[in-house]
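Which chain is which? They are A, B, C and D, in the order written, and residues in each are numbered from 1.
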Amino acid sequence: MSKQLRFSANVNTFNACADRYVLSGYGQRLTTEELITAATRVKGLTGLEVVGFWHVNDDNVLQVNRRIRDAGFQVTCVTPDIWASARWGKGSFASNDPQVRRAAVQEVKKSMEWARQMDCKVVDLWFGQDGYDYPLQADYLAAWDRLIEGTIECAEHLPEVNLVIEYKPKEPRTHCFIGTVGKTLLLLEKVNKANVGAMIDVGHSLMAYEVAAESAAMLQHFGNKLFYMHFNDNWRLWDDDMTVGMVHTVEMLELLYWLDRINYEGWYALDIFPYREDGVCAATESIRWIQGLHDLLDKIGRERIAEVIANGDAMGASALVREAFLG
Amino acid sequence: MSKQLRFSANVNTFNACADRYVLSGYGQRLTTEELITAATRVKGLTGLEVVGFWHVNDDNVLQVNRRIRDAGFQVTCVTPDIWASARWGKGSFASNDPQVRRAAVQEVKKSMEWARQMDCKVVDLWFGQDGYDYPLQADYLAAWDRLIEGTIECAEHLPEVNLVIEYKPKEPRTHCFIGTVGKTLLLLEKVNKANVGAMIDVGHSLMAYEVAAESAAMLQHFGNKLFYMHFNDNWRLWDDDMTVGMVHTVEMLELLYWLDRINYEGWYALDIFPYREDGVCAATESIRWIQGLHDLLDKIGRERIAEVIANGDAMGASALVREAFLG
Amino acid sequence: MSKQLRFSANVNTFNACADRYVLSGYGQRLTTEELITAATRVKGLTGLEVVGFWHVNDDNVLQVNRRIRDAGFQVTCVTPDIWASARWGKGSFASNDPQVRRAAVQEVKKSMEWARQMDCKVVDLWFGQDGYDYPLQADYLAAWDRLIEGTIECAEHLPEVNLVIEYKPKEPRTHCFIGTVGKTLLLLEKVNKANVGAMIDVGHSLMAYEVAAESAAMLQHFGNKLFYMHFNDNWRLWDDDMTVGMVHTVEMLELLYWLDRINYEGWYALDIFPYREDGVCAATESIRWIQGLHDLLDKIGRERIAEVIANGDAMGASALVREAFLG
Amino acid sequence: MSKQLRFSANVNTFNACADRYVLSGYGQRLTTEELITAATRVKGLTGLEVVGFWHVNDDNVLQVNRRIRDAGFQVTCVTPDIWASARWGKGSFASNDPQVRRAAVQEVKKSMEWARQMDCKVVDLWFGQDGYDYPLQADYLAAWDRLIEGTIECAEHLPEVNLVIEYKPKEPRTHCFIGTVGKTLLLLEKVNKANVGAMIDVGHSLMAYEVAAESAAMLQHFGNKLFYMHFNDNWRLWDDDMTVGMVHTVEMLELLYWLDRINYEGWYALDIFPYREDGVCAATESIRWIQGLHDLLDKIGRERIAEVIANGDAMGASALVREAFLG
C-alpha cells in the first residue's frame, strides 16, 4: 500500500504572481485570510507555508495560526523575509554591512520564534541576495565565513526549530553563494548543528544541472540532512516555478522513488508561481501528478526498480517506465 | 578617425529597478521629469527611449518631447506597453482573444503616432507575452499568422515610422514565439514591409546562443533590416541586463567591428537594469566601454581584422585582441 | 485507428559508438553486412540510413542496396560525409577554400546519385563543420552566400532527389551557421527549390531551446518543408543522442501530435548513439516509446488536445497527459 | 614585480585532436618523442603532463623522464587512463563491477609510482566515466562510497604523491558524480587525506556555472586544497577546450588575481584541444594571455582591486578593468 504523502503549499500560491515586467501581478491580490480560504479548495492539501512579516508578525502570529488550524492545515514552514526589499539588495547574512547582517540574523530568529509558536518545525533559510552579479565584485571568503557564522548563531537561538538551507544557483543575483547541493553539504559540515539541514527545491536543482534524486540521496547519506522538499518544474535553465509533471516527468518519478528509499519523512511542499494559471487548479494538478507518480512506483514494483539501478541498466529502466506509462 | 557613435538609453535606466522578489524596486522611484534630469548627468548620452503610456500619452506627448529636447536629447525609440500588465498576460498580437489582439495593435499605433509627434523614427515591437509556458499549450500556427497580420496592419498605419522587432527567446513566457534572429528574419520576410526591421538586444542574442555580430551581419545582409541596437551584457543564460563590458568583452569588440563593416547607422542604445547600481554610473560605464572598444578597432586596424577573418585565423585574431588589450 | 508509423535507423546505430575519449569505441566494430543483420533484430524497423563512402560507393551501391532490400528494409536517407575527416575540418560548403567547397559539393552530388540508384528520396545536408569556434574568426556573410550557392547547385543536379537541411547549433564547431529552425527557414527561402526542405533532429532542436513541435509546425506552415525526422533525446544542453522517452517525455508526445496535425508523411528515423547500450535494444526501446506515445494520442482524443491548445489551457493539457499516463 | 608563473601543458596538446566525428583526428599523429620536441617550441613552457600508459609505462618511464628533462621540462602531472577505453565505459572507481574497480585503483597506483619515479608530485584523478546517462540508472550512494573508498586506498599507497580530484559536470557521461567544486570539497572531507586535494579545470568550472575564482578561493579556504590548475576557455555550456582569453577574458583576470591572493603555488597548466589550430601556436597564445593578464594585475594595483571587492563595487571594478584594457 502506498505511503500517504503529506502535501503543503506556500499560501502565496493562491495570490497574484508578479514578475519584473508585470509588477502589479497577473491576477488578483488577496488578503491572508482569503489565501487560506483558497487553500481549502485544494484536495489533499494539509499544510501551509507562510512568510515572516508578510503573513505573520508578533501581533498576529497566534491568530493566524489559529485561523490556519481552523481551516484544517498545519504550518509546515516559516520563511523569513531576508530577500524581498531593497534593504537586503546587497546581501543578508553575507552583506558587507555588519548592521545588515545583524538585522538579517534578527529576522531569522523572529521567524524561528513564530515557527515555534505555531508548532512548526521548519524555518527556510534562502540566501537569495547573498551572492554577486559581476566579476571582481565579491569577497568569496568573507562571504562564506559570514554565512557560516550567522547560521550557527541562529541555530543556537532555538535548537528545537530546524533551519533548512535552500540552495539556488542564481536569481535574484546572477550568482548566489549557496548554489548547489555540494556547497550546501559543505555549509552543513562547517555549521555542524543538529538542527541545521537542507531542503531541495526541485527547480533550483534542475537549474544547477543536478538530478534531484541524486541530490536528495546525497543529503541523506551524509548526515540525514534532507529536512524538507519544494516541488515544482521548469525548463532546466531558469526557475520557472511551473506545476509538477509536464517537463521532467521521469526525473520526478525517480525523485519520488529515492525519497522513499532514503526514508524521507518530511512534507511534500509546492513552491510554484502560477503566473497565468488559477492557483487552486495549479496546486491541485501538482498534487495529483506527485501522488499519481508515487502510486505508480508500487505498480512498477520497487524491487524491479532497485534491480535495474543495481545493474546500471538504462534500457531496463526505460522499459519499466514505458510500460508503466503506456501499458 | 573614429566614427562618432550616438548613444541612447531608456529613461528607466535611472529609475529603481524591480524584480519578482523586490517588487518595490532596489532604489528610489523617480518621476519622468527626474529621470530626464538624471540622464543629463551621463556624459556622451544624446538620446532617450520612452515607453508608451508610462512616459508619454496623448495629453503630454508634446510637453514631454519639449522637456527631452530642452535637456539636450532626441527621442530615439518609443516602446508600446503590450507586456506590462495582466491584460497582456496571455499574449498581445498573438493572443487567443481577438479583443486583446485588437487592443494591442491599437497600443502600437498610438506609440507610432507619439513617435511621429516627437520626431522619433523607431517604435520597438517586443512580443514578450506572445509565447507559451507549457507543452501542449500553444497553437504555433495561429500565433504566427496573428503576429504577421498585426505587424502588417501597424506597418501600414504610418509608413514613415519604423517598427523594429525585438526578439528574445524567453521571459516573461518560458518560450516566446519570436525568439531568435532566424525567426525574426522569417517574420520580416512574411511581413515584407519597408518600414519593418529588427533590433538586436545583445543580451537576448546571447541567451539564444547567438554571436551578436553574426546576427547583426545577417540582418543587414538579408535586406538591410538592422534598424536599431540595444546594448547590455549577461552570463549567457538569462537576460541579466548588466552593464557592457565585464562578461563578453571580446564578443562586444567583434560586434562593434561588424556594425561598422555592415554600415549600421542607427543608435547605440543601452537597455540595462542596474538593480543595485547607480543608474547614471551604470550608463556612463557602459558608454565608456562601448566607445573605448570602438576606438580600439582603429588602433588594431580594420584591415588586419578583415585579414584574420578572411583566413578564419582564430589564433591570429587572438593575438590581435591580446596585443590591443595587454600591450 | 492509429496511423502506422514507418521507422528507420542509421545502420551505425548498431555499431560501436566512439567519443573523443574512447576513440576505438565502446563496443564492437561491425561490417556493413553485420550492421544490416543486426538491424533485422529490431521489431518494427523497416528503413535504414546509410552514409556515403562509409557504406556505399560507386562500386558497391547496387549490391548494398540489394542486401538491404533482401533484409527487408528500404533505404530512407543517404548522408554524404562532408564532416568526418580532417579535410572538412574548417568547413565544407562554407569553407574559405574554393577547392574544398567544390569537393564538398561533389560529395553531395555523388550521394544524391547513390540515393537515386537505391530508390531513396532523401539526402541529408548536415553542415556540421560549417561554422566557427572563436570570436572574430568567421566571415558570416561569405559563409551564408556559399551555403546558399552550394545548396542550389546540388538541388539542380538531381531535382528528383530531396535535400534535407539538418540544423544543429554546435558540435563539432562551437557555433554552426545553420543552427536553428529560423535560420533553416531563411536558408530555404533563399535557396527556393522545390527539392530542398528540412529535417528536424529532435536533439538538435532541444539544444537550441526549441520545442520540436513548434519547429515542425513552422517548417510545414511556411512551405511544407518538413521532409524528414530524426528522433532521439538529450538533457537539453548537448547532443547526447539518447534513446527516446526518458527525459523529454511530454514534449515527445506533443511532437507526435503535431506531426499528425501538420500531415507529416515522412519517416520516423532514429539518430541515436547508444555508447554503452546494445544498439538493437536501444533502437527497439525507442521505437516502442514512439509508437506507444503515438497510440496514446488516440486514447486521449485528438479533439480534446486541440481544444486545450485552442484555449491555451496549460492546466487542461496537464490533466489530459496525467490521466493518460497515470490513469 | 610580477610573480614568475610556471607553465605546463599536456603533451597531447601538440598531437592531432579527435572528436566523435573525426576519429582519426584533425591533424597529424605524432610519437611521444615528436610531441616533446614540439613542446620545446613553446616559449615560456617549462612543464609537461603525461598520461599513464599512453606515454609512460613500467618499461619506459625513466627513459621518457630523461627525455623530458633533457628537453628542458619537468613532469608536472601524470594522469592515469581510467576513462579512455571501453573497459571503463560504465565506470572506474564507481563501477558496479568490483573487478573493474580493482583494476582502476591499480591503474592509479601505477601512475603514482611513475610520478614518483619522475619526481612529479601530482597525479590527476578524473572520474570521467563515473556517472550515469539516464534517469533511474545510478545507485548514487554506492557510487559515492566506492569513490571515497578507492581514493583513500590510493592515497595511502604513496603518501608522498598528491592526488588531485578533477571535477567535471558531464562528458563522457551525461552526468558525472564529481561534477562541481562543492561535491569535490565534500569528497575531500570524506577522504580526509593530506595528499588528496583538487585541481580546477577552468572550462569544467565554467560548464558548472561556477566562477573559477570563487571555486579556487573555496578550495584554499577550506583546507588549502587547491593543488593544481588546468587552463582553457569555452562558451560556458560545453568543454570546448579552447585557448585562453577570447571568451571569458575578465573572469580569467579575476581568477589570476585570486590565485595570488590565496597563495596558489602550483603550476599553470594548459588543458586545451586545438582541433583546428596548430598546437604550438595555441599553447603559446594561451601562455601569453595568462602572463599578460597577470602582469596587468600589477599595473592596475592589487590594493585597488582589493578595495572594490571589499566594497562589492561592481562599477568600480568595471572602471578598473576598462582603464587597464582600453587606456
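Operating definition for what follows: a contact is a pair of C-beta atoms (placed from the backbone, for glycine too) under 8 Å apart; a residue touches a chain by one contact, two chains touch by 3 or more.
The structure presented is a predicted model; accordingly, all values stated were derived computationally and were not measured.
Any chain that touches chain C and also touches chain D is listed here: A, B. Chain pairs A-C and A-D differ in how many C-beta pairs they share in contact, with the greater number at A-D.
Ranked by distance of CA centroids from chain C, the top chain is A. Averaging Cα coordinates per chain places chain A and chain D 35 Å apart.
We define each chain's centre as the mean of its Cα atoms; on that basis chain A and chain C are separated by 40 Å. Taken residue by residue, chain C touches two or more other chains at 90, 133-136, 170, 175, 209, 235, 237, 246-247, 250-251, 276, 314, 317-318, 321, whereas all remaining positions touch fewer.
Contact residues on chain D toward chain A in their complex (touch as defined above): 90-91, 96, 132-141, 144, 169-170, 175, 179-186, 189-190, 208-209, 211, 213-214, 217-218, 221-222, 250-251, 253-254, 257-258, 305, 308-314, 317-318, 320-321.
In the complex of the two chains, the chain B residues touching chain A come out as 16-27, 83-86, 89-90, 128, 133-136, 170-172, 174-175, 234-235, 237-238, 240, 242, 246-247, 273, 275-276. Interface residues of chain C, counted against chain A in their complex, comprise 209, 235-237, 243, 245-251, 276-278, 281-282, 285, 288-289, 292-293, 295-296, 314-315, 317-319, 321-322, 325-327.
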